[in-house]
Amino acid sequence: MKRVLVNGAMGKMGQEVVKTVVEETEDLLVGACDMKGIGENIMDLLGLKGDRVTIYGDLTEAIQKTNPDVIIDFTIPEVVMNNIKTGLSHKVHMIVGTTGITEVDLKEIKDLAEANNVNALIVPNFAIGAVLMMEFSREAARYFKDVEIIELHHNQKIDAPSGTSIKTAELINRNMNNCENNGINEIERIKGARGGNKNGVNIHSVRLPGLVAHQEVIFGGEGQTLTIRHDSYSRKSFMPGVKLALKKITDINGLVYGLEKIL
Amino acid sequence: MKRVLVNGAMGKMGQEVVKTVVEETEDLLVGACDMKGIGENIMDLLGLKGDRVTIYGDLTEAIQKTNPDVIIDFTIPEVVMNNIKTGLSHKVHMIVGTTGITEVDLKEIKDLAEANNVNALIVPNFAIGAVLMMEFSREAARYFKDVEIIELHHNQKIDAPSGTSIKTAELINRNMNNCENNGINEIERIKGARGGNKNGVNIHSVRLPGLVAHQEVIFGGEGQTLTIRHDSYSRKSFMPGVKLALKKITDINGLVYGLEKIL
Amino acid sequence: MKRVLVNGAMGKMGQEVVKTVVEETEDLLVGACDMKGIGENIMDLLGLKGDRVTIYGDLTEAIQKTNPDVIIDFTIPEVVMNNIKTGLSHKVHMIVGTTGITEVDLKEIKDLAEANNVNALIVPNFAIGAVLMMEFSREAARYFKDVEIIELHHNQKIDAPSGTSIKTAELINRNMNNCENNGINEIERIKGARGGNKNGVNIHSVRLPGLVAHQEVIFGGEGQTLTIRHDSYSRKSFMPGVKLALKKITDINGLVYGLEKIL
Amino acid sequence: MKRVLVNGAMGKMGQEVVKTVVEETEDLLVGACDMKGIGENIMDLLGLKGDRVTIYGDLTEAIQKTNPDVIIDFTIPEVVMNNIKTGLSHKVHMIVGTTGITEVDLKEIKDLAEANNVNALIVPNFAIGAVLMMEFSREAARYFKDVEIIELHHNQKIDAPSGTSIKTAELINRNMNNCENNGINEIERIKGARGGNKNGVNIHSVRLPGLVAHQEVIFGGEGQTLTIRHDSYSRKSFMPGVKLALKKITDINGLVYGLEKIL
């Protein structure tokens, strides 16, 4: 049983994480931190049963008052590095789902984790299915020379292509010898029809109301195609990954990047 | 029973049409015309059983020698109009699967058909499934405000997007009030990711070895999507359409454009 | 502008309908009826802005106090006929999304609607995409001789196959000459592998966590397949259908069954 | 460069293999064996360029006359074991795509290969995409507790479910702790709707004209699904696997079963 503090607990992901820790793990929610609802009992706010868990507005105070083993951070890029430093320097393990962490940040986190003898698990995508889709795509790239990616999201997503599709293209590119060109001079009668090209992989971004978050990686070979598709229908898809992270956080050693490392 | 002459009989589509007429209709193959195999018996060449059918190199000669009721033309854009004029002026019904016929041509064909009191059926796509996909897309466009098209072909197809996807977008556009803009300023981080835009409909063209000819039309509305997909696996997919055309050619009146009109 | 009363207003569908009427139509929510929240202001309960709308526990009282033009009923099979009778006999148009209405009921509803000179619109499925899927399947059945249905739902749905898949099979069957047998004696090495057969159409029911409500109708012909798929991701998918029903309820004449009739 | 003999060279798969060896590898086709075309030059029969390769009717004679390093066998279950024994005892490596080899056979092949110091590669499915689909499914089964398989084939395939789907279910079952029951008492309103159950995995077999050979493995978890799909459009899909086998046959040690072992 680990003592868990959720940072960003009143955000959409944070609330889901709080519920998951309370209802679906053997661990104990001891603290919550957020700018909203300070001083209130998050158990009441979310309709959960169990002892009072007060929302603190300051992470350091929350750590001192609740003495957690692990902090799960779903905040915003602007503050995440400060949160990680605060957690690690108080010798608390960090599980981080917040985006915006750079290569440079990772180096700093690694050093800080090792210096304090605690662990940091940085996870850009907590959906196990999405992580497997990327892993399988990387693996399949060794056996196919041609691949394209279609990613489909709701039309409120304003940027294209998605971060996951770009990361998938990078992973594929490392394993695929020559996906730059099929030797055919294509004619694009309508500009953009052939999609955007990332590392030699064409990416097509569909945006439609009704859709949630979906990605399809299609490998083509003579007479056959292999398709790996992930459909995310709700925020709940991230919870199994969060539970896995919580289970493994004490077994890893220092910094670990990516859920695939602990699968 | 109709007397049928196939023009372009030794081409890939032509051979398939010859086999279909002989083996799967109650009509009679009386003539064949092609630049290849002139003077030979096409029944022998294609391993078919039945009376000799000689291949002629000249369409007028073929008509005079074989006295057909209907000509099925699968030749090339450069000669198709000449063929149609030849057929109609000899008072033979024309079924035309050759591409490259323009609006202006259609006017001329119409007049010539009426003047000679015969019919002309011009069919850009003989696959009934593809025609239904287009019809259903046109119909669905009345009830959805957002749609995108993904068309997937083998990587030997050098042009993109496909003619069928462009025609589908046109049909959708006529029925959809406002598909130009969803009011969101999109950010395309990699150029082309959002596809090519035709009449307000985004089209994405996938090209991979292994694929044959496929198209998916996805309509999105609040909380739902409706997808209409056609997969063409072989040239045989066009034969039911050819048989239908042969059955209906004497029932239509003058010029008819598109298989959907006789479904 | 119509005066609208929602019956079953505090149910999952009812709440969604209340929000839709208030926020997305030009009509006026004047009343709400439910066993829960009696006497409370439903606008407050659902966080909506606008004049007070009291929840009544009795439909007759609700009608007398609020004088609606239309009642939208999302209640339960056990009470829906009583509700319809109450509404029609008070000369209020009825839009009914509740399931469980039989052929016999329809006859009675028709007579009552006509006697009172008001309209009743009974809608088994309000998702426009699902209705179009069924309509297109019915239409496609005229051109293909082989079809199978795959329906996929979350694993909390205990019955199989789904009502929509059964209805689809019925619609297909009426238009398809001979879908009973493909002349092949199949060998089912594992019992059930070939699915359940309804009216000559094989239905396959997939049940998995993560899924919401999906159906795929696949028509097969020589060298091609045509697939019509509907994906429902949330209850919101029914709201465009509700809005359409509200718009058309005064234009129909007596009883109308099925959203497809007013599309 | 290896000297290759193709056994069953005039069969559908055999012809494809002969073409592939001649046109797409650096290896040398030295012999062909079949009951058809004995004494003829297979290069001529298949329209290939290169030195004469005579078709022999007897495998032993073919080996003695052509001195191959490797035999590729695509014959029939009734004779495959005899062929393997003949090849191995003549100290020729065997690549076997013929089906019908049992566990008992494998033991015998292993002993014979080792005794003769040559290798035997037995491959039930040469399509790399299908092999990857099975491998990825086996891997994904460690992270998901629910899965179903849909396999779709042309309606000339009389048995269901397919061998590949059964093998996939077996592989999944070994890695999935508890896929027997989701704790829900399902109600099957039409018998067979929920598919056939193999090792706790439901398999659904679709049979339609137009289809070729397709399989979809769908894993479901909270809020997400992961789908792995293989589409085989033609016999050519097996050739990359054959080429890989040819490349690796001298590097393995004794008996190897399954293409996945040499990927």
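Just so it is clear, A, B, C and D label the chains in written order, and each chain counts residues from 1 on its own.
Keep in mind that, in the parts below, contacts are C-beta pairs under 8 Å (C-beta built on N, C-alpha and C of every residue); 3 or more make two chains touch, one makes a residue touch a chain.
Because the structure is a prediction, the values reported are computed rather than measured.
K.L.:
Looking at C-alpha means, what's the farthest chain from subunit C?
P.N.:
Relative to subunit C, the chain whose C-alpha centre sits farthest away is D.
K.L.:
More C-beta pairs touching across which pair, A-C or A-B?
P.N.:
A-B
K.L.:
Round to the nearest whole Å and give the separation of the Cα centres of subunit A and subunit B.
P.N.:
Chain centres of subunit A and subunit B, defined by C-alpha means, are spaced 47 Å apart.
K.L.:
Averaging over Cα atoms per chain, report the distance between subunit A and subunit C in Å.
P.N.:
Comparing mean C-alpha positions, subunit C is 37 Å from subunit A.
K.L.:
Provide the list of subunit D residues touching at least two other chains, using ranges where the numbers run on.
P.N.:
In subunit D, residues 210-211, 219, 221-225, 231, 233, 237 touch at least two other chains, as defined above.
K.L.:
Across the complex, what residues on subunit C touch subunit D?
P.N.:
Residue list for subunit C touching subunit D: 146-148, 150, 152, 155-156, 158-161, 166, 182, 184-198, 202-211, 218-225.
K.L.:
Within the complex, which stretch of subunit A touches subunit C?
P.N.:
Touching subunit C from subunit A are residues 210-212, 231, 233, 237.
K.L.:
Using the touch definition from the top, list the residues of subunit D that touch subunit A in their complex.
P.N.:
Residues of subunit D touching subunit A: 127-130, 132-133, 136, 139-140, 142-144, 219, 221-240, 263.
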